[in-house]
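The structure is given below, and queries will be raised subsequently.
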């Protein structure tokens, strides 16, 4: 019952698809970023990218956002996952509620938090209503980059912690209960069980969650646009500006290549830092 | 065993209270913002733009009617549906055979293919929209529903492959082999035995692909002009649209996604847990 | 007529040889058991006969048809799997009817045959249930019924009883033997359980490291193991072995005692005797008791003879304890001799 060609036939569509619409396009981005329309090799688009006044803030805000949002998400998801795994009743309901944001797009999340942070939004309504403020404040105005940043962080933590939670809960589900019981028999307390059993055995899941989240954090775009327009520049926003508004494909490609480079560099870093030898896996 | 081990730990009354409080707080943290969006959507435009805000809706449908009748919204909704459906069909029909091959065969090149699939994780995929824009102009797919669906399929395909791989792996090979020994060809065995068993899981991963496409903003905004999807439409009207249009649009974007997540909730953990290892 | 001929069948997985050129002939209506430890190649051989695995070289014949290039569905076989493989999305009725439906048997006939097989397997009251509503034993019955219903030329069974608990396994063993004897279908039955093999088989083929080392009747396998491996694998406790020094003229020195053995021209052989073939309390051979294990029907005593482990079986009323010296006398006609390659040396 073994047809040697069959597995290849079954893989063919997916392989062709990924080569044509994933590998090849990324080669094209690199080509676009390094050559002019006439096909001459150049680095001028990178010079153009880095010399623009928005480049540094965009790069800084993107990195700063990722390094603020992702650690909060990991810590919060770990906390939520432990809460849920100790739960006796209502576990499924709580998990469903906590994973709701999984289905919500970044744009919609931005709009949801806009309803809160807008000048006529719910936060101002509360503050003024309680007499803490005379007038509604313009949280998301261009001079309040700090509050825009805070709003973006809140929206991102609100929206994308769910995906980390799902990966971690699934990972915790794979750890046999006996390990905890063994640790308990040898005298480990709750915190020790968490640090000595859960965390090490959860490393592969943590690795996956981290890679996924860091990559997505570098792609942050719609939330920022919904909450701050162009007041808070980020890399992906610059790509969009260059490509769609300014029709400057080459510089857009240079930005894209930069995001790609950062993404791959961090993926490799996370893979190396959180590596688990094959033999030490569950 | 699990109930025994948790009760043995013997949490104090304060600790138990703190746990309950955390759980309630985290539920509110997720639900309240959604409630606020919905409350805004079911209030009149005057209330949405007014100040201070009311915390309960007036159940006025004027905002939602305004949104639905706004020029471009109808076609954007339709395009979103089309692109998401196409993405769903493409990613399952291309991904499921690959998932089946990975789960059932040992063959040379299997490792390479897995690397190709896992590589997509390290790449910011929405950026594909840039070179694809150029490619699509060449082949006449620019600003089309199909073109965007292809890019969205690239986003959804790796998950479709990994999820279907884990679904097929969850079905004992012996069921298939039993069917072969009882007179089925490989294809008949797949249709009569494997397919009915994986169908719910395939449906869940199809819904997942649908949501990926339904929610995607960047590629949609870059690749479409006339045939905008709902997220692309909303993104491009952020600057000038009134608040009640934004909020109603947000709600329309959120609600189907919520329904879908509810439908696949049973598969969420199993699928992600295995697909992401 | 459905005899099975397996000719020079070999199987390689990459660089490892799962099967080394196996030859085996199973007569029509014969019940052959493939017995061996896990990883010996018995399941691979069965799967090659079924067509679920392709042999690297060699031929498989069922009746007068060469089948090694045919799909499983065209071989006229039925198979019972270790985990039963009862289709979870079909009722018991549909499971049993599955093979008949594939053969396009008409409905009235299917109805009749499913009912008949179900009655034979005592599951006629379960026909409307799904696999999830059945116990392990019931699932096992469904799997056998499903295989019998198609009236195959050959039934292949891959450790069908190994997932049942001990009591149920014994019950099913007896029942399965009688049902298969009635159906008179050629059967290949794979197991690692020697009790199952001894009690059910017409003939046992013992496999070891990809070879068939002996294929003969259960009694013969027990009494005259072809190799040292077979002697140590069959029997619980297994055969005892002691080094034997050739003193010439067919006389060997074993554990400080002399025994008449084969007259061969080698320095040494290995002396072998089954624990129950030793008379305790007489004879010259001495063994010091190391462990005493009362088993109810008898006592198993592990002794040491010249530093080698030597097990004997004594009556449960015997009063023996660790440290005692036992006189041991192997029954002369039950003594077997093996050469340096582990082959049986005829006397």
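Side notes on the structure shown:
A, B and C are the chain letters, set down in written order, and residue numbers restart from 1 in every chain.
By our rule, a contact is a pair of C-beta atoms (placed from the backbone, for glycine too) under 8 Å apart; a residue touches a chain by one contact, two chains touch by 3 or more.
Model, not experiment: these values are computed from the prediction.
Relative to subunit A, the most remote chain by averaged C-alpha coordinates is C.
Located most centrally within the structure is B, per distance between chain CA means and the overall CA mean.
Centroids built from CA atoms put subunit B at 15 Å from subunit A. Mean C-alpha position of subunit B lies 53 Å from that of subunit C. Separation between the centroids of subunit A and subunit C, computed from CA atoms only, is 58 Å.
Across the assembly, subunit C contributes 51-52, 71-72 as residues in contact with two or more other chains.
For subunit A, residues that reach two or more other chains under the stated contact definition are 1. Counting partner chains per residue, subunit B shows two or more touched chains at residues 177, 180, 186. Residue ranges on subunit B touching subunit C, taken from their complex, read 172, 174-175, 177-186, 188, 192-193, 196-197.
On the subunit C side of its complex with subunit B, the touching residues are 50-52, 71-73, 77-79, 81-83, 85, 87-89, 98-99, 102-103, 146, 150, 156. Taken in their complex, subunit A has these residues touching subunit B: 1, 3-4, 6-8, 10-11, 13-15, 17-19, 21-26, 28-29, 32, 79-80, 83, 86-88, 92, 94-108, 111-116, 118-122, 124-125, 128-129, 136, 158, 163, 166-167, 169-171, 173-174, 177, 180-181, 184, 190, 204-205, 208-209, 211-212, 215, 218-219, 221-222, 225-226, 229, 236, 239-240, 243-244, 249, 252-253, 256, 259-260, 263-264, 267-268. In the complex of the two chains, the subunit B residues touching subunit A come out as 1-3, 5-6, 8-9, 19, 22-23, 26-27, 29-31, 33-34, 36-37, 40, 49-53, 55, 93-95, 97-98, 100-102, 104-105, 107, 109-110, 113, 116-117, 120-135, 150-151, 153-154, 157, 161, 177, 180, 186, 211, 214-218, 221-222, 231, 234-235, 238-239, 243, 246-247, 249-250, 253-254, 257-258, 260-262, 265, 268-270, 272-274, 276-277.
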